[in-house]
Amino acid sequence: MNPVLAAGNEIEYRFCDGSANFTRSSYAEHMNSVLMMDQAIRAEEDGFDGVFLGCWNDPLWETREVLSIPVASVGEQSMLAAMAMGHRFAVVTVSRKTAIAIERDVLAYGFGERAIARPVRSISPESDGGLLMSAVTDPVREFIPRFEQAALTCIADGADVILVGCAYFGPLLRRVGYTHVADTGVPVVDSTTVAIKYLEAMIGIARTTSLTKSMGPTFKTPDRDKVERARQAVAGARTWF
Amino acid sequence: MNPVLAAGNEIEYRFCDGSANFTRSSYAEHMNSVLMMDQAIRAEEDGFDGVFLGCWNDPLWETREVLSIPVASVGEQSMLAAMAMGHRFAVVTVSRKTAIAIERDVLAYGFGERAIARPVRSISPESDGGLLMSAVTDPVREFIPRFEQAALTCIADGADVILVGCAYFGPLLRRVGYTHVADTGVPVVDSTTVAIKYLEAMIGIARTTSLTKSMGPTFKTPDRDKVERARQAVAGARTWF
Amino acid sequence: MNPVLAAGNEIEYRFCDGSANFTRSSYAEHMNSVLMMDQAIRAEEDGFDGVFLGCWNDPLWETREVLSIPVASVGEQSMLAAMAMGHRFAVVTVSRKTAIAIERDVLAYGFGERAIARPVRSISPESDGGLLMSAVTDPVREFIPRFEQAALTCIADGADVILVGCAYFGPLLRRVGYTHVADTGVPVVDSTTVAIKYLEAMIGIARTTSLTKSMGPTFKTPDRDKVERARQAVAGARTWF
Amino acid sequence: MNPVLAAGNEIEYRFCDGSANFTRSSYAEHMNSVLMMDQAIRAEEDGFDGVFLGCWNDPLWETREVLSIPVASVGEQSMLAAMAMGHRFAVVTVSRKTAIAIERDVLAYGFGERAIARPVRSISPESDGGLLMSAVTDPVREFIPRFEQAALTCIADGADVILVGCAYFGPLLRRVGYTHVADTGVPVVDSTTVAIKYLEAMIGIARTTSLTKSMGPTFKTPDRDKVERARQAVAGARTWF
Amino acid sequence: MNPVLAAGNEIEYRFCDGSANFTRSSYAEHMNSVLMMDQAIRAEEDGFDGVFLGCWNDPLWETREVLSIPVASVGEQSMLAAMAMGHRFAVVTVSRKTAIAIERDVLAYGFGERAIARPVRSISPESDGGLLMSAVTDPVREFIPRFEQAALTCIADGADVILVGCAYFGPLLRRVGYTHVADTGVPVVDSTTVAIKYLEAMIGIARTTSLTKSMGPTFKTPDRDKVERARQAVAGARTWF
Amino acid sequence: MNPVLAAGNEIEYRFCDGSANFTRSSYAEHMNSVLMMDQAIRAEEDGFDGVFLGCWNDPLWETREVLSIPVASVGEQSMLAAMAMGHRFAVVTVSRKTAIAIERDVLAYGFGERAIARPVRSISPESDGGLLMSAVTDPVREFIPRFEQAALTCIADGADVILVGCAYFGPLLRRVGYTHVADTGVPVVDSTTVAIKYLEAMIGIARTTSLTKSMGPTFKTPDRDKVERARQAVAGARTWF
């Protein structure tokens, strides 16, 4: 396979310090996001040029507000890319609950007009530990048929681009060469890879134009001491003990 | 003044265990929400019939998911009430950043068609500690003129109901009898009071019909041990230390 | 069953003085509305604290304009309640023509974003006199299966709350304990009951805050003599004779 | 002036049998509509080829349902024409209350995307009896300046076609040769005249193709005896006496 | 059959001077449009009162800008007519690619709210030369069954008016008396005929009121010499040789 | 200034073979597009990796259909970038007519929710030859003040990112260091530069994943001989001679 990153660029994988280990809940997602944002803050302190949030359940806008370097997510960037590839996209994901979280993003980002009705759909039966494991060694036997079944309903409803709604399964599918829904000409987009390429563009733009984000009211970076105070409020709450 | 609560009902005020003390940031709001949700979880454990999130910056949908009793917020309930009072509402709030957070809710709740364009507007200059203090003893001299100025631009753009976009200022305005924008017939709604009345209705519905919320995929209550694990993930993260 | 009304509250049932007896026509609905509004005007004159329009085919906004006391309808109030219970609601009703009238309300109220596509659906075959009668004694055998069939298509299209689109069938279903669509966690809401609880909240708000409705241009109460002149114009038209 | 009607066509003016005489109320408008529909029913019985509802406050969809001949209104037909003349239209009307009624139609007809924001605006001060009288003899001195003032705000907000939001003032303006808002190239459309031309087209289509309206569920003509029963219900209601 | 044109009106058929002969491509459609616009410009020079673009793939807005006489198209005018006939229309057309072009118009014209979801659908299998030929002599055996199959899915999704999405097949269907989708009351509209009747109305309006189109920024006629320069730029480009 | 292109990438500027030389007309734009598409087709034949349409008046979707390599435009790519930089963008352009063309794209791309109301605004007075020339040597004295005046109205209406709506002025502004609207924190984005960085990402994605565009019905590349036939139809039309 061709390398994903442009020559000279590197990614360092970092993991959250602890995890709710259960993303199929808005509450748990909110708690995980606290830990993701903390890693993002550290990454900026450590001098990285940009941050990539490697899960579709992400605190994108909050992280973008709090950092001064480009922040990309699997979700936002791959949806932007999808809109430059086709007319209407859909996201096929791994559970009904994940579908709900992603659909909320589609709406919040205002991308509904470029997505099909009910734009995020889950494979059925939903993914579980077994599927996750089996897909590493062989996504062809079990995962792809379930994925394709959901993708075909999306295409019947007007989708001409399918995003893989999982940062983890995307590269697995690409590795085995699964790039189009059978006989339809509709691409199956490894959203992780595509989103990383867009982050490179964002970093390039920051270098060339010095523009990273708007400093208008929505995304203006708050003072670092106020950010720290918010961190300490959660860290020090007696409620945890 | 007439009592707010129906005979036999009581409210117990509870405060977060610590606070980011700075809500004019999406990040800080996210952190405060962790603490608000924790209080909500405790309140249900302590046997309350319903929970009221007493700030417009709220984690409403996450809390509603995680609890089995009715959860109301100043924002959602007062907007529902506004839609039964007039044709198009607007929210006048205390800072541009708060306006952004509330506008995000207006969109997420899908209420944009019933609100004016740019439905949430801030007083100018924004509220600060001085205004906050002065408004307790005398909102008439400083706060109301600023509020009314913003409210009048909303009315010029089609609003016929104005919600006070702050859980704290609403009752203060009501106490001094400020109930309408001068000569317009447009009510200034103490959103806190109105929202509490709607929570009473929600609790009444739960009693009469046994229905509190949908147990479909968006709001299905996750298992309590998974909630606890998510709490512990944040509480135990070494990142804080 | 628990009582619907809060302690101390009472409902008086009043019927229209004559009826077009055929609501499956926009024209007939318009004519029936004349009679409903007339009863509402009388109710206010008789000193009631609020008016409940007990049919989904209702002249809500016209009645709200003409009265000074809170006016609720099965439709508006139950849809507001549904939006505080789930993510996207649907209404299952008794005929295709009723579905059209209710869908027009969903749009006029601007609630489309919180409802599914084609948000109002009819049981099939449509309700007729026989079904109406049989449902009083036994809704389980005939009515509920038809209802559930329509409800399941709504759920497949994303609904997580189902409103009973008929003021009459709602309480019948509640009485026999039919509260959820089989195995889905999706509540079947007796809209009549729920809407009455919301009317209680509206009356409570009017008492506590003195606010009933906006007196902006949409809902400003017209002078009573002009209302009376409009009544007399219809009453005295030679056209009827 | 050129004749409005095509050669061979004739209009017979008919007036309602009584009138609420006060259209600046939704309630009064509802009552007037009863009388308008009654005239429309008679006109069909008398053998006319089509019916024109000569006021922007109209019961268009109800009348279209109940008749089998083409039914046109000033509002719907002139808005259709406006969409074939320019990009975004606005309606300038004679009072704030009329503006509300017309805006409701713009939304119900789903024409919002082709109209400007707040698409219906009133002259200020509103029209009254004096203006009405003076405009018959001389609209230039008083009416046109007020009209143009409102029209210019519409143009500033993107309108490129202005409809006269009153069936009565439209022809008056045309008679004095007022056809464009000063120096803007934006036409001022006599909506009455334009709408009548569209009704001619509708009648022509009915003759050529035999198609008048859909007989699907929204507009299917109800049985005449049921219509008559609805008429009698209102006519015979003791409430009037 | 009744004559389509009003007494005294005549149509002259004119054909493009050359053709890409392949409309199932946006690129080819763009090239064909150059030739259609050229004919339209000539027609105005030749003194016609209006121009009718006789194909659903049309450069309507560009042609309307460049001419001073009324310009109608099968698409726009028949959709306007459909909105005065029913509640929600759909277009059934002859290929998936044509469907895409027409759907783009539905969106550009802002008519989406009055059309069903996925408002333009193709017969399947798509039309080809054989079907085209066979339909001239006998549309009943092959074409109508395919058409009706697509139309029925539209009706199931809420359509109550079906437009024939082809200027050519519309009159053929009308000639054999196919005017309604079986047993549904839903009209099948020969869009060509209907659109021509609307063009007559537009010409009538131009005669009576002297208004043809807005001269605001969207449709203001450019100077003829600039139009000619644009023509020459394409005509003289060495690229072609 | 930092280089725009990543190391190893090169741009070759190519110009249309002739020009309508007058883009302030939809008709002229359509004719120019013919020439732009022709250059794009040649560029692919000449082996380039991607095509950049260097003017906001562009035939993006038609060109994307007809080519097999990535096609970017100033408009689409800079709007995508804007949505990853702020909450709501606006485009400030050089004439009212250009504003209309760009606004049509905003709508066609479905980006309206992420842009302000009336999202594209022109400097006033409009740009002419003099301004164009003066801006090359000194945009500060004349162009920037006009630009900033328009930008400030956009910011007042909620914009937090401003795109320069002209491929030519964007780099000029960047060269003189004009990157933010005075004191607002709102970036002024040189859309040309940003869009080129996105094209690099698109080419990178094509290399890494082999995905360039959807081959679903909207963007499926037509056979080259059919494209050639369409070219010849225009080239050979006698109409030109």
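The first chain written gets the first letter, and so on, giving A, B, C, D, E and F; residue counts start at 1 in each chain.
Keep in mind that, in the parts below, a contact is a pair of C-beta atoms (placed from the backbone, for glycine too) under 8 Å apart; a residue touches a chain by one contact, two chains touch by 3 or more.
Everything numeric in this text was worked out from a predicted model, so none of it was measured.
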C-alpha-based rotation, subunit C on subunit F, 0 to 180 degrees, nearest 5: 180
Distance-maximising chain from subunit F - centres being C-alpha averages: C
Equivalent interface positions on subunit E and subunit F, same or different at half: same
Centroid distance [mean C-alpha coordinates] between subunit E and subunit B, Å: 52
Inter-chain centre distance, subunit C versus subunit D - centres from mean C-alpha coordinates, in Å: 30
Distance from the mean Cα position of subunit D to that of subunit B, given in whole angstrom: 43
Where subunit B touches two or more other chains at once, by residue number: 87, 100, 117, 217-218
Chain contact topology (line, ring, star, complete or other): other
Listing of all chain pairs that touch each other, if any do: A-B, A-C, A-E, A-F, B-C, B-D, B-F, C-D, C-E, D-E, D-F, E-F
Of all residues in subunit E, those that touch subunit C in their complex: 87, 117, 157-158
Residues of subunit E touching subunit A in the complex: 100, 117-118
Residue ranges of subunit F in contact with subunit A within the complex: 1-4, 6-8, 72, 76-77, 80-81, 83-87, 109-114, 155, 159-161, 174, 179-180, 184-187, 189-190, 193-194, 197-198, 200-202, 204-205, 207-220
Complex interface listing, subunit F residues touching subunit E: 16-22, 24-35, 37-39, 42, 59, 61-63, 65-66, 96-97, 99-100, 104, 107-108, 217-218, 222, 226-227, 229-241
